[in-house]
Every structure is written in structure tokens, then in C-alpha cells.
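Lettered A, B and C in written order, each chain numbered from 1.
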Amino acid sequence: MFEARLGKTALLKKIVEALKDILKASTLDCSDSGIQLQAMDDSHVSLVELSLSSEGFEKYRCDRNLSLGLHLDMLAKVLKCANNDDAVTISAQDKPDKVLFAFESQSKERTSDYELRLMNLEQEHLGIPDTSYACVVRMPAVEFARICRDLAMFSETVIIACQKDSIKFSASGDAGTANIKLSQSVIDEETQRVSIEVDEPVTLSFGGRYLSSFTRATPLSEQVKIGMAVNVPLLVEYAIENFGYVRYYLAPKVDEPEA
Amino acid sequence: MFEARLGKTALLKKIVEALKDILKASTLDCSDSGIQLQAMDDSHVSLVELSLSSEGFEKYRCDRNLSLGLHLDMLAKVLKCANNDDAVTISAQDKPDKVLFAFESQSKERTSDYELRLMNLEQEHLGIPDTSYACVVRMPAVEFARICRDLAMFSETVIIACQKDSIKFSASGDAGTANIKLSQSVIDEETQRVSIEVDEPVTLSFGGRYLSSFTRATPLSEQVKIGMAVNVPLLVEYAIENFGYVRYYLAPKVDEPEA
Amino acid sequence: MFEARLGKTALLKKIVEALKDILKASTLDCSDSGIQLQAMDDSHVSLVELSLSSEGFEKYRCDRNLSLGLHLDMLAKVLKCANNDDAVTISAQDKPDKVLFAFESQSKERTSDYELRLMNLEQEHLGIPDTSYACVVRMPAVEFARICRDLAMFSETVIIACQKDSIKFSASGDAGTANIKLSQSVIDEETQRVSIEVDEPVTLSFGGRYLSSFTRATPLSEQVKIGMAVNVPLLVEYAIENFGYVRYYLAPKVDEPEA
């Protein structure tokens, strides 16, 4: 028996929105400690990792580890049928072939349940090694989303250059060149929006399309954390308060050798 | 001479929106007592009935019964040209070949008039027998609209099951099964949103596409009234305060005989 | 060296929106006195003229006259990357092959710059003779935009008839006839929205598509000024406070001779 209850459907909606552009279908691994998901995007270039601790849920019970293979687009549609402040209970039998999403309005006048058939998906579990990053930047998640969107007009390649006190995003194409620079905010706890920790400056290039797809997680957190180091995939992390995180990893672009 | 004046164009806009998805063109029958319309939808499955009493109008005069055949899409466009709080006067000569819609802004600084050519439409008047329904449910019109939209994801067929104290809407398809249940609200005049009167429980199936098209009338009233009985068309009624109603009728789906 | 600084990017956004539907690309002529643009629309029927005085800018320097040939669609995209209340500085070298747009957020935490390649565009400078108009009408710009949009449903040709105290816009087609009439407001400085000065009544016909394209300038001013006289192009002018104006000119339609 698996059962997990969230007080507000809104959070689940945001999580599914953060995943469904990258993954058509995916498997939620449920265990006593919580729910995990790890998968390459459909084009096998970036990696996405979701971790939700059982402690975040209003109610959580998982007698036996189980894997729920779900069509994320269909799940997103089901979630649209619920109000943001409806409570949602996810439940499944042991060895399930379907999963039940039950919603309850605050007044309890309205209840609804949606039974989705499970899919059998192949899974590859990749060990993600712990990495220490030469540069760690925290900035407003909406700012990062906007930069990714703006630079997409100029080029498919986005160059991120991080140095003491500033991070610069650049793109250059036929129409021209764009540079967007953020500076570390004045030290003032309340208004600090951008923080930059640099062990050594790093400049790397990334596929802008992947960066943009990561920003679908923007509604999940105020701040996004970016970690960069040479020869290591970029980390883009959105924390989920009380629950865990969504993390995206993307390998830097390697310069084409000149002919 | 026919002349009817409404203080606010908004009401006429909502009425035309309630009809124009179902009927491309239709005939307004004007008489001394008011304006009536009755027609099968374009696919001849459901029936729509509009009744506007002459008493609701600011000014109403109809010397001779007349029929105004109108292209509803064009009428909707004309109405979009008016502000919601413009006054509108509809007028036509006896034996008319055109109808005039004249709008006046509240400040009277702006007046506009639109002359539409009339169409000659065949009409079939169907007697709608008075029916007593085994179940009568009143619920917020927006709730009914949302249920119809949500269930459309799962199946073309919507099953409505009404019993003492609750009404359940269900749809089942390849992706899974959905059930939405509304319970009678606690008896409290002010907050009562759902009321259910049941002589005997009824469960019937309907084409979801038609139900959805009926919900275009949602802006007309806070509440929708649903009447069901075995072997009788479903009634979906939106009252129009001071004027009358829009009613939709839809025959239940009959189970296909098994081969 | 050319440099022009505006306190708010919003104004530049509105100007480019007013031009980009009519002109794919165009040349800004920069001189000591300010920035001018004059061009036929892409179908060579109407004329658009932009005049921005150097005095409106926060900072303005133009050592040598220069012409900046810009792809307006690309410029509009670059401007979308800036916040409305960012400051923007436009700069170019003498004999430039590129132009730089630099934006600065109010907190200065974020700066961005966009370098656009210049285009070499052929230019034809047309002398626009000073004209005295038999009718000059001022009305709310949003009202004019709405009239153009509404009449487009009925016909490609819009007839404007101006006489003492009123201006009437008409269109007539297969679906019917529309007339919209505005009357001069009561003389009261504060509420006067429509003012009409008539030396002699004029009735002229114009291509509705061109009128509609002019209304893209609506966000630039509260009021639009319309000037008409027989045998002279219609003037549609949107003033830009402290800077100058955008003006559009359109020749009246000539009645087709009957066969």
C-alpha cells in the first residue's frame, strides 16, 4: 500500500510542469524515505533529478518500494482539474497497474478522483557523483528564466562567465551580440538577490535550449542555484521548501576543433 | 414596427454567446409577449430554447409578429463593437429584410448603428412537453462548466448519477477514469451552492461534447439547473433574471446492444 | 560619436511598435537636432514620419550626421529584453556598421547590452508639404483604434465624413452596414474628449487596412489628431510628449469610374 497526501495540489502542479517539457513519461520511485525520480531528457543530453522527502507530506505511507511509470502530460491534465488549494492524495496498491489521484476541496463539498493506468518504462539509474563547484551563484529564478529567454533570440549557444562579484551571460549570432551582466548585490540580508561565490573564475558554453527547458521549474522557488566547474556538468537547482529539490545537469559544449 | 431597448448590451452579448456555438444561424420570433427562439443544434442532436419576456426590456413594441433570421456569428461581431454598458435598441419594419442594432454610450457622445441583412431560414417548431424530472439539481454554473471541461479529457461519454445528497459525473477512457462528486451543501441559505432534489435515483449517459457546448451560457446565471428522468431528455437551464431563460435539452445515450 | 540616453525604455518600445507593422526595416537619421525617420510603408501606399527632438533625451550627443539602418522586428525583440523602466543608451561610432543598445536597471544590479548589425537601406526622402486641413478632429486614440477595428468587419473601405460638431465613420459590405458617430463633447476642459474644427465639411474614403496599421501607435498618446481636406492625404498624428510625433499620411480612395 502506498499513500501520500499533500495539503495543496499547487505544489504537485509545479513539479509536474517542471518535468513534463523534458520528459514525456517517467517513473516515480517511491520508498519509505520519499519519492525520487531521475532521468535523462528525451534527447539524452541533460539529466533531471527530483527528490521529495516523505517528511514534507501531510501523510505518507509506503509499505513496499514501488515504481509508478506515468505519462506526465496526462498527469498534468489531471492536475489542471484540481484547484490549487485542493488537498491531493496519491495512492496505489502493492504491485500496482494503476495509480489514484484523489482531490478534496477545502469545503469538502466537492471530491474527485482520477485513476491513471501505469506505464512500464525502462529505467537507467545513473550515479550522480557529489561535485564541488568552482563557482556557485544564487539569483532570482525569474531573472534566470528571463535571461535564457532573451538570449535565445541571438544564438543557440549561451556562454556563462562567472568571476568575482559578477556573472555574465552572452550569446552572439547573425543579428548581433547580447551580454547580460548581474552584479553581486550589496551585502544586506533582506535585499540580497544575487550572491556569487567564486573559488576560481569559470567560462563555459551551454546549449540554450536545455537551459530554457530547465526554467520551467521557476515557479518552484524564489531563487535558483547555479554551480559550475571545468569539465563537470552545470548544476541548476530549484529547492522545494520542506521537500527537497529539482536538479538539472547539463554538460558544457566542447569547442569544435578547427579544421 | 418592432422596437426593443435594453439598458445594457452586456446581456445581449451573453445570450448570443450562449447560442452561437450551437447554431450558426437562427430565427428570433418576436411577438407582443416577447422574443422566443427554438432550434435543434446544427447536428440535430440537442435542442435549445430561448425565452425573453417583453417585460424585461426598457422599452418594447411589436405591432405584428415577425421572424428575424440572423447569422449569429455576425451578430456576435456587431455586439463586440459595443461597450457592455451601452444601451442597445433593436428595430425592424413590418415584413423586414433587415434589422437595425443601434448603440448609445452612457455619455451619449458616441452612437453607432449596424444594419444586418436578414436571412430566410427554414424553421421547425417542436412542441416541448412539460416534464417532471425525477432528479433536479442546482449548482454553480461555473462548477458545471468546469466538470464538463475536465471530463472531456477522458471520454466523449459522460455518466451522470444522481442520488440522495450527491451527484456524480464520471468518464472513462484509455488514459484512465475520472469521477467528480458534488454533495448537497449544508442547509444554510447564504452558502448553499449545491441543492439536490431526488424522487428516485437516476443514472444516465450523455455526449460530453453537447454538455460542453451548453456551458457557453455560463455567464448568464450564477446557478444552473439540471433535470433528469429515465427516457426523457436531460434539461440544462440557465435563468435570465427578469427576462426568462435559455434551456438546452439532450437525449441520453442508449447503450449499444452487444453483438 | 553618437549617444542618446532615455530614462525609460518604455517610450522606445512604443515607438518601435508604432513602426514595425508598417516597416520591416528602416533608417533612423540622427543629427544634432534629434532623430528623424521618414518612409513609405512596405506596400508604398502610406507614409510614416517620426520626429524626436534631441531636447527630449536625458543625454544627447551627435558629432556627425549618421544613418542607422535597422531591422525593426529585431529591434523590437531586443527591447522586449529590457524592463519598461530600465534606462537605455543608444550609441554608435561615426561611420558605424553596428549600433549598441545598453540597458541599466534602476538598482544598477543588472546591466545588459545588445549590439545590432546595421543594414544598408535605400532611402527616398520625400518632401511633405505643409498643408492646412479643412477639418481637424482630436479624439481619444483608443476610440479611433476601436472604430478602425470594428469597421474592418464590414468592409475594406472606410468612409469618414466630418461636419460641424460630429465625425462619422462608415463601412458597408455584404453582411450589412455600420455607422459610428462621435459628437463634439460639451465644452468643459477636463472632460472634453472629442474636439472638431471644421472650415468646410469633408467626406472621403480610405483603405481600412492602412488606418488600422496606424493605430499601432495608440499607446504613444492619449489623443490622436486627424486632419482631412479634399485632394490631400489624410493626416493621423500621435504626439510624443517632450519629443515630437509620429505622423501617418494616407491618400483618399478615388471612386472607380463606372463602366
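Here is the rule we go by: a residue touches a chain if its C-beta (ideal position, glycine included) is under 8 Å from a C-beta of that chain, and two chains touch if they have at least 3 such contacts.
Chain-to-protein mapping (UniProt): A, B, C = DNA sliding clamp PCNA.
Quick caveat, the model's predicted, so the values are computed rather than measured.
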item	value
Turn needed to bring chain A (DNA sliding clamp PCNA) onto chain B (DNA sliding clamp PCNA) - CA fit, degrees, nearest 5	120
Same-residue or different-residue interface between chain B (DNA sliding clamp PCNA) and chain C (DNA sliding clamp PCNA), half as cut-off	different
Centre distance in Å when chain B (DNA sliding clamp PCNA) and chain C (DNA sliding clamp PCNA) are each reduced to the mean of their C-alpha atoms	44
Two or more partner chains touched - positions in chain A (DNA sliding clamp PCNA)	none
Residue numbers on chain C (DNA sliding clamp PCNA) that touch chain B (DNA sliding clamp PCNA), as the complex places them	143, 146, 150, 153, 174-183, 185, 193-194
Touch list for chain B (DNA sliding clamp PCNA) against partner chain C (DNA sliding clamp PCNA), complex	71, 74, 77-78, 80-81, 98, 108-117
